[in-house]
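Same chain, two partners: subunit A is paired with subunit B first, then with subunit C.
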Partner chain A sequence: MTLTARDKQLRGQSRWGTAALGLVTWLVAALFFFPVFWMVLNSFKTELVANTKPVLLFEPTLDRWEAAIDSIPGLLSFSEAFFNSFLIVIVSTVLVLVLAIPAAYALSIYPIKAWRDALFFFISTKFLPIVAAILPLWIMAKELGLLNTHLVLIILYTAMNLPLAVWMLRSFFGEVPRELIEAAQMDGTGLYGQIKDVMLPIVAPGVAATALLCFIFAWNEFFLAVQLNPVEGSTVPVWVSTNVTTRGNFMAKLSAASTLAVLPVVIAGWIAQKKMIRGLSMGAVK
Partner chain B sequence: MTAQAEPTGSPDPGAERAAKIAEFQRRDKWRRRLPLLPALLFIIVVTQIPFIFNIWYSLQDWRIVPPRGPDFVGLENYTEGYTNQFFLQSVGISITMTTAAVLLSLLVGTALALLLDRQFLGRGIARTLLITPFLIMPVVAGLLWKNQIFSSTFGVLNAIIEAFGLDAIPFVERYPFWAIVTVLVWQWSPFMMLIILAGLQGQPTDILEAARVDRASSRGIFTQITLPMLRPYMELGIVLGAIYLLQVFDHIEVMTGGGPGSTNVPYFVYQRSIGGGWDFGQAAAYSTIVVIASIIIATFALRVLSSLFQRQEPV
Partner chain C sequence: MSEVSYRDATKTYPGTDAPAVNRLNLTIDDGELLVLVGPSGSGKSTALRMLAGLEACDEGSIFIGDRDVTLAQPKDRDVAMIFQSYALYPHMTVAQNIGFPLKQQKVPKDERARQVREAARILDLEDYLDRKPKQLSGGQRQRVATGRAIVRHPQVFLMDEPLSNLDAKLRVQTRAELADLQARLGVTTVYVTHDQVEAMTMGHRVAILDYGELQQVARPGELYRHPVNLFVAGFIGSPAMNLIPTDTEDGMVVFGTSRIEMDPAVAATVSRAGAKDLTMGIRPQGLSLGSEGVPAEVVVVEELGSETFVFVELEHLGQIVRGRVRVDAEYRVSRGDYTNVEVLGPVHLFGADGLRLKTATEQGD
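Right, the complex of A and B next:
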């Protein structure tokens, strides 16, 4: 929709007003981004420069990046942490989708009678504070020999993201035109075929948005990782926190480690931002 | 949807088709329930079984350091629990922290979305910059703000304050509660912005155009059309925000370590159990109280949600 000058006038938007608001938006955006910019900037400083009064101009060095990547024997290393995180996060996200897609189907297309109760039950589990469950989880994991394993985090991250995924996907499935499904049923297509050939192509952007949110929440999760899998098999957030030391200066090295740690999610989020907005507008409130 | 089966032999192809579909759906009843079961079983096993164990633990006198029990003591942990002053304080912190963070995030997020919902140069880049805080790992966000923004010696904010000739303020030490809320709002405003933006972009343009032709004022359009339309999106933002912000742990852990004024319920329970208290029985009782309180809060929140669901029933 293109607005003519008169339309804009009717809308109360002068050209100068639009430009001014654009400028304000830019300033606010810069303000919001500033802490991240500052962190990246600090990662190129030496500890000596980083641990004084803040400065903007300095001689950049990659020294602290190397220090962050260097592994110290006996401690969780950068490469191990990234490998573990990718493994745990990807497997749990796939598992979430495998469980949530059929469940969302059962709650939306031809919903079971108690679809509302089932959905509420899923969401209500998100209200249980994870911290309140950590004690039994810790004891159970210990009894089952799951402490310090990838598996314990895969299981818990799947449970953590499943309710959100079922909820979002249910609304996306609701967008599929009924006639298409009925046509497929008339052709004798089974349930699996209906989901795979008729619905998934339509809800693909929604599935992508859901997967991305699961990825973000799982990648950034710290509490369960540090309680149940704190040592060598652990994940990136735990690795970041090991860069905080009580002895000596650590600001620049911590900045380098932090930048590395947030990079995968930030890049994924930047690429998929439009899909996320579309995903949310498509279904999340329906 | 209901297929009224015509008398058999009816030549009407429409009714025949409807009957065929109805038959298909009846036959499929169990095959329709089945897809729900794996997810349902999984979530029951992982979230409900620990809760049942937790109730059992809460009835024991069970300490790890120094080792004692477990001995069955009935409800003793509970009577001790809900009168504990520190527990009650943490309940207050949880409520105020969640409310402040959710409402401020929604306010800021809505403002950001309104700013972004217009054409201007570099809009995509501005949006990219604005969503970034939401993508940052909470541990990183907490450490970053504490050490590099709020710190009275190395912090940027204090460098600016000092440039104006004022004294540096040790934000985290002096205002732990608001320091944490600030970081939470920084991270969650972009999420609210995404949701509101989704709402704004779903606005039917024909209604807006009609209003403009009728020379409605900008403010009129905003309060009469835009705001009511955004309401379900705002409700969604509040519910999702509350779910995640009630659980805040990481920011507190790295910023204040649960210092005065910043220990919410999750952090308190953690401190009492594997976070140093090692009083398993007592911690389990607190957890159970928290879970029951959460269910009460959830019932309210879900009522809001259910009004969301009622707007569009799946057929």
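Right, the complex of A and C next:
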């Protein structure tokens, strides 16, 4: 095939367009990545270097990582915080999935008349700024004896992520052809079998993406944790904040603690990357 | 005994006034292959889904054998269905797809494997048992869907346009294979299609639906020769029957200079009821081009090799009518030619209510 001058011109334009778009994408990505990069870099510096003029070349040290991990009696330790966070986040994420999967299945496969209202109700619970609800939440937690417990955060994180999970899973379930469910019904499966044997294996990437987002949101949550469970039983974000002291800026130690705090999310994201992208783009292209 | 019967079965979808299926009364004999055919929106798929249990009957009932299944769950009806999209489970292999209904019935693993191999042998799928559906061609997927249905040995097979996703050549081949398989297994089968050729070639009997109403159910030849009304006359037969407004005179149908003698019973009905708004139905091979009849202009010529169909436009009783005439392949005619259309017969006459006027023989039945 020979290319006409017009073809070449068109291709040339699109090549330059793509290159320009690529450059902008990299610039934006670098802009977003820079603070994270600076945090990681600072964590390998001494406090002196970290608190003076910013430099790229320095003698790296793990001293501040050790300082961050060192536990101080009476204060929330690194290992406690990580254990608490994993326990609270994993239990709440499992609970979210256990509740959201049947809800999303019902809303997408056997929708009630007012299914739109039901969905809107779910998401409307996210409209209220959490600070507006903290006082009643605190009073309720106190009355029920849940202050400073794992359970209060498990309940709240489950409630916090449930609307998002129902919305996401409903759209994933909606992608599965209706005939597959009908075929499963004809083949003799009950409701449980339809979900377990047919739906879930097909929407697994979507479920993985949903679980990961719930994990991330719960892992990063700070406000509820610091208000309702600020002492020994608390989570990683609260532990990071204990590294902010009134005795001056310990930038390098704080950076090391912050890097440790984001590591599990980054690793989970890295492992689930492929599935998550597939999950999040499910339904984007029919 | 797996006779199926619809008894006044009615289904109206929420938000609509007209029923999708209206008081359907239909019996399908044990071992019979009955084809439900009709245009889009005729209610044929709804009728099938009512039998499957995927749509509820608003009124009436459905029986399989002596069992009233109107309120039974799909899994409790002992019916298997082949879907238009095949609905194969994409995450399972061919063997797992075929074996899935058996797994639900808790059939032991060894027995399941044996039955899957047997179904695969019948359908020539033995080499594909470890593949996933996306690695198969359209025809192979169709066979897997068939395998999943036959492995259960159900009382009734339901097939919802199972060939419509195949190309024309494969459709003809698969059509014959399905009909052969049904005959060998002898299982009562309800087959839905919008393709009247598929209906005529496969069905022991064919039921024609339109707007949710059963129009006629009969053997294919009977439908072709004795359509009960204008809808069936226009729907069955390829190419379709010519339906031309007509007039009668002294017991004869008038068509230009031609006079066609009517059956005595038909003539008596016409003379009793008057000759208002009659329609003549005549198949393309019942017309010819010649010197008698009605003058016409040739508008399209379709040469099929073995025969030729000539579309003509003619003026009859003050109306411009389009008709189709079958001529021999050797017959030379071109667009724009002027000719005459003659009637060779046989001719059906339909009254103002759309019903065909019965002949003496039929009235005697």
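Keep in mind that, in the parts below, the second predicted complex is superposed on the first by the 248 of 286 C-alpha atoms of A that agree within 3 Å, B and C clash if a C-alpha of one lies under 4 Å from a C-alpha of the other, contacts with A are read in each partner's own complex, and residues count from 1 in each chain.
Keep this in mind: a contact is a pair of C-beta atoms (placed from the backbone, for glycine too) under 8 Å apart; a residue touches a chain by one contact, two chains touch by 3 or more.
Remember, predicted model here, so these are calculated numbers, not experimental data.
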Item to check | Clash-or-fit label for the pair subunit B, subunit C on subunit A | outcome: clash
Next on the checklist: Can you tell me whether subunit B or subunit C touches more residues on subunit A?
Outcome noted: B
Checklist entry - After superposition on the shared chain, which partner residues are touched by A:Gln185: those of subunit B (first), subunit C (second), both, or neither? => result both
Checklist entry - Does the superposition put A:Met39 against subunit B (first), subunit C (second), both, or neither? => result first
Checklist entry - So, A:Leu169: does it touch subunit B (first), subunit C (second), both, or neither? => result neither
Checklist entry - Who does A:Val152 touch here: subunit B (first), subunit C (second), both, or neither? => result neither
Checklist entry - With the two structures laid over each other on chain A, which partner does A:Val89 touch: subunit B (first), subunit C (second), both, or neither? => result neither
Checklist entry - Looking at the overlay, which bit of subunit C runs into subunit B, 23-31, 95-103, 131-139 or 257-265? => result 23-31
Checklist entry - Same subunit A residues contacting subunit B and subunit C, which ones? => result 182, 185-186
Next on the checklist: Residue numbers of subunit A touching subunit B in their complex, please.
Outcome noted: 1, 7, 10-13, 18-19, 21-22, 24-26, 28-30, 32-36, 38-39, 42, 50-54, 99-100, 102-103, 105-112, 115-116, 118-140, 155-156, 158-159, 162-163, 166, 174, 178, 182, 185-186, 191, 216, 219-220, 222-223, 227, 236-237, 240-241, 244, 251, 254-255, 258, 261-262, 265-266, 268-270, 273, 276-278, 280-281, 284-286
Item to check | For the subunit C and subunit A complex, residues of the former touching the latter | outcome: 52-54, 73-75, 79-81, 83-85, 87, 89-91, 100-101, 104-105, 148, 152
Item to check | subunit C partner contacts - residues on subunit A that touch it in the complex | outcome: 177, 179-180, 182-190, 193, 197-198, 201-202
Checklist entry - For the complex, which residues does subunit B have touching subunit A? => result 17, 20-21, 24-25, 28, 31-36, 38-40, 42-43, 46-51, 53-54, 57, 112, 115-116, 118-123, 125-141, 143-145, 147-149, 153-156, 159, 186, 189-190, 194-195, 197-199, 201-202, 205, 209, 212-213, 215, 217-218, 232-233, 235-236, 243, 246-247, 249-250, 253-254, 265-267, 269-270, 273-274, 280, 283-284, 286-288, 290-291, 294-295, 297-298, 301-302, 305-306, 308-309, 311-312, 314-315
